[in-house]
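Next come two complexes built around chain A: one with chain B, the other with chain C.
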Partner chain A sequence: MSRIRRKQREMRSAIILVAPFMIIFAIFFLYPTIKVVMLSFTNAPLIGDGDWVGFDNYAKLLTDRLFRTSLWNNLYFVVLTVIPTTVIALLIALAVGQLRGRMQALVLTLFFLPYILPVSVVTLIWSWMLDFQFGILQPLIAAVAGRPVAVFRDPNWVMPMIALVTVWWTNGFNVLLFIAGLRNIPQDLYEAAALDGATPWQRFRRITWPLLWPVTTLVLTLQLILQLKLFDQVYLLSAGGPFNQSYVVLLQMYREAFQLNNGGYASAVAMVLFAIIVILSVLQFQLLKIRGRR
Partner chain B sequence: MSISEKQQVVTETGVQLDAVTKAFGAIEIIRGVDIHIEKGEFAVFIGPSGCGKSTLLRMIAGLEDTTSGTIRIGQRDVTEEDPAKRGVAMVFQSYALYPHLTVFENMAFSLRLAREKKDVVQKKVHEAAAILRLTDQLQLKPSQLSGGQRQRVAIGRAIVRAPEVFLFDEPLSNLDAELRVQMRLELARLHKALGATMIYVTHDQVEAMTLADKIFVLQGGHVQQSGNPLDLYENPSNRFVAGFIGSPAMNFFEATVSGHSDAGITVRLTDQNDLELLLDVSARPSVGSGVTVGIRPEHLALTDGPGLRVAVDVAEELGGVSYQHGALEGGGAVVFQQDGIRHGMRGTVQTVTPQPGRIYLFASSGERLR
Partner chain C sequence: MTAKRARNVAFVTLVLIAAFIWVFPLYWALTTSLRSESRIVSDAGVLLDEINFASYLSVLATSQLPRWYLNSVGTSLIITITVLFTGMMCAYALSQLRFPGRKLLYLLIVASFMVPIPALYVAQFILMNDLGLVNSWGGIIMPQLVVPVVIIVYKQFFDAIPREMREAVLLDGGGEFTLLFKLYLPLNWGITAALAIITFISAWNNFFWPFLIASSESMMTIPVGITQVYDTFGIAYGRIMALALLAAAPVILAYLVFQKRVTEAVMISAGVKG
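Entry: the complex of A and B
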């Protein structure tokens, strides 16, 4: 068989294998995405066409106070979750790494368990635990704050508490990533370091930390993207309240699209969030990579 | 090194193990090992996999706890000492180089942890790099080096610490054959240049025979025999050592004691009953008892007279020598060595006879009968 014929046959099987994904991707992702971009330049309602309004929607966003609050809350939430969850996951992974065999598997499972719960169950568990009247955590809160607090109705408590629930819920996955990273570090490096006179702290600082840096970069970036997309927990726990103190960008998009029937404007909100996520995550990933290479 | 020089060196202890044991739970890996290595000596632990040789080395390094017994390095009891404070450096089989650090940083690692001054670190690392011909590679990462270079970095990391004792855990097993020969020579040179005590674990007996001042043959957590390489070859104290040292391995034949005389004893081979061998030994196992006869392939020569009749089925021609593999009538496998190239033996029956005084006799327990 000639080389060209063989190439053609390879090409054909490649296309056949890739086609199912490409078709589904085009219908359910690519087409809606293009549609959203186009919608964001119109005044269309949720269903049906609208008129082309150029950058009006985006201009309006600049003066939208709720949007500014939402954006601010999003960033606040990122600060509250991304680095803390990474640090906590690393600490848990290091501790779990000390365990052996079945015990390690058991403890790892316990930490991973919340991750497999649906968000509605997670929020239900925590709204009961933090319930103003019956919540078992209220004595703890009373000890800290001096009085019981209805945390999801308190402007100061609401975001930190949603962050806490989120960290509890999603941390298991990060622990898993860190454990995998730790297992990739050969044991004899630690033995060599012990012979070289490294203390446990120096072993962490000079071997574990630099060799785990690629995983840390991955965790931080995944977390940044995930936490900027915050919606479900807020929707279920506080609905954006009180006084919009937990209003976030996706919640506003939901409101504009599905409650106020402003498809065009909601699309503009979505586009801005999309741009922010892309810019921040690329920026962060590049910065972290440079740090790691240093 | 001449004999008189050597005797001056041997007055000091390098490493000493007394009744050392190691158990993982109920499983005893090391079962009471006594080892004495002189200062400056090159000692080799050799044995089949699972014999405990690496565990023993790691116990000397302090990477494994010692269950009982004492380990001394120089004059100090280091049984409970931290690895870093034992004055040992170890070269790992995998090299264990820090992948995120350059060659320089790898070699400087221990010095920096010890907060040595910058110029001292520079000087020591460059000295070691010069010895190991790594000066041009100092700024590279381990992933950019060849296997042999990585190996040298691992040795360099050990050298900069100027340890009392160097420990090598199968350091050449990841290299290809050619490089292995080359590194073997370099290690021998290095030992001569540094004069430090070295303990080297291997399962490769060529490495053991060529490098060692003293070999410790380990099996089942015991030292089966120790001594200088040729001594082990000439005078194995049991069947295991006899079979382990020497390549190809010694031939063993089951036999029965058929008679005693002033000159020694006579035995008949189970696989070839018409042949009676006379052995010059002082032991007198009872007539009729079972023994094992051992003869090295290089001590069997072709003969026109009576001897072992070997049906040759495979010939390994190495150019300088050839190894003829075959079997006795009774089925027992035999290898014998021939000088030069010997075509045409395959498929024939050859008669070979052992050189006088080169037959070893072992009791059924495996102990050597002398």
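Entry: the complex of A and C
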């Protein structure tokens, strides 16, 4: 009898404890998730009802040249950011790992600092750094290009420069992950290797790199997913221009929904990104499971 | 030995130079914000040789910065407190109690990591419009209350607490709430502080959602508000940099003061995602 009562009490407590989160989760997450799927099959405006149009929106996406441009630009941006940021973060982490005490703390702070800034602070500062007339980096750009360049209005420069700003902004996070990974490598492995007369390169190649590989794949996949969600920097730095050279999927979702009043079509655009990221996440999860089994 | 030492000094110097180049944009923003507008465009010496607060005073007098501060502090605080409370309660139930649907709930929370939140913004905006919350604190806050990582982190920490401690409190006649707030929470102040700081920083830094939902200038949060000033100031980089630094100051301070907690929290939540 008392066991049953105790069980009932446990259940009542559980319901009370779980309810606040569950209610918020259901209303502001689950419902919008279902809603966006439903909307993508309608021709609804942003506010108001629409008619069910089946797969029309998706069929339209296949022939939408702007959407194809958006997807390509997302892919281009991933290429420009993911591997460079991983390499730079690894190099910084290796360097920071060689330092000791206060010096290490100082250097890590400096490299991590940009990561905690709001995106618009980052874009305002870089717009000034790269200003066509007065930007302090223009002499550097002139040395490369032979002339000053209004980088966010130049079709060739725009994406690489947004990538540069993004790497500067988000790199600190990756540095931190690599440093945590480096700390997990047992120190005696290096001592044994040093006794065997291994060169620094051999120690990196045979110990650091293989033991750090799980962290490296984590950084790569997290970055891949993060950089596909590009919106803020593009909207603030180039607004998708010039000539749609920096137009990306989320920017198209924003324009369709909030400027052209096509809620249904915008939802279909969102669903494509949704699907890509869910697939990548599942792959990442599988990858980690394989690694775990080994 | 001296050759090795010289090499070491050279290495440290090199790393330091690289680190200072990395933060140069921030230094340059500071230098610019402390110069008079006329000098900014006439001579661009890199040394901090002028300390002139005119840009800061002008920004505080002419923009709605104080109002944006209030909006950012208010919404971020409410988000942080709500996320932590609902998260720790849910995590406690998942970790310590047996109830039907527990597995399913856990699975839902883990699966929700995969969903790219911006893909929901159209539907969330429509929902906020139906609820009459467009252009209000409620509208800014509510969709940001779902932070499932907090639950998973808390659950891992609660799982690690020995069962015997729990039995002792139960024998003394304590209920689940006593357990949570008198035992599990006090044992986890460290992680609570860490989660609070990064939840606050990410709410403070969120741009996309407040940008969509706050339509009038007086409802904007800092990251959104400061992008409006081109219209007001024109090209006036001294004032724009002053504004950017005033907007960043709270998070920079929070980071410098709570550095260890911030890095700890970033590492733990990344570990959970991995």
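Keep in mind that, in the parts below, the second predicted complex is superposed on the first by the 260 of 294 C-alpha atoms of A that agree within 3 Å, B and C clash if a C-alpha of one lies under 4 Å from a C-alpha of the other, contacts with A are read in each partner's own complex, and residues count from 1 in each chain.
Keep this in mind: contacts are C-beta pairs under 8 Å (C-beta built on N, C-alpha and C of every residue); 3 or more make two chains touch, one makes a residue touch a chain.
As the structure is a computational prediction, the values presented were derived from the model and not from experiment.
Annotation: superposed three-chain arrangement on chain A; chain B versus chain C shows no clash, the two fitting side by side. Draw one line from the C-alpha centre of chain A to that of chain B and another to that of chain C; the angle between them is 80°, to the nearest 10. In the superposition on chain A, contact is made by A:207 with chain B only, not with chain C. Legend: residue contacts after superposition of the two complexes on their common chain; A:116 is shown touching chain C, with no touch to chain B. By the touch criterion defined above, A:59 reaches neither chain B nor chain C. In the overlay built on the shared chain, the residue A:142 is in contact with neither chain B nor chain C. When the two complexes are superposed, the chain touching more residues of chain A, out of chain B and chain C, is C. Contact with neither chain B nor chain C is seen for A:283 once the two complexes are overlaid on the shared chain.
In the superposition on chain A, A:87 makes contact with neither chain B nor chain C.
Of the two partner chains placed by the overlay, neither chain B nor chain C lies in contact with A:260.
Of the two partner chains placed around the shared chain by superposition, chain B is the only one that A:194 touches, whereas chain C remains out of contact.
Remark: least CA distance from chain B to chain C after fitting both complexes onto chain A is 9 Å. Every residue of chain B that touches chain A in the complex is listed here, in rising order: 61-63, 82-85, 88-90, 92, 94, 96, 98-100, 109-110, 113-114, 157, 161. Across the interface of their complex, chain A is touched by residues 11-12, 15-16, 18-20, 22-23, 25-26, 28-29, 32, 40-41, 44, 46, 82, 85-87, 89-90, 92-94, 97-100, 102, 105, 108-109, 112-116, 118-127, 129, 142-143, 145-146, 148, 151, 175-177, 180, 201, 204-205, 207-208, 212, 222-224, 226-227, 237, 240-241, 243-245, 247-248, 251-252, 254-256, 259, 262-263, 266-267, 270, 273-274 of chain C. Within the complex formed with chain B, the residues of chain A that make contact are 186, 188-189, 191-198, 202, 206-207, 210-211. Only residues 7, 9-11, 13-15, 17-18, 20-22, 24-25, 27-33, 35-36, 39, 46-47, 92, 95-96, 98-99, 103, 105-107, 109-114, 116-121, 123-126, 128-129, 131, 133-134, 136, 168, 173, 176-177, 180, 218, 222, 225, 228-229, 231-232, 236, 250, 253-254, 257-258, 263, 266-267, 270-271, 273-274, 277-278, 281-282, 288 of chain A touch chain C when the two sit together in their complex.
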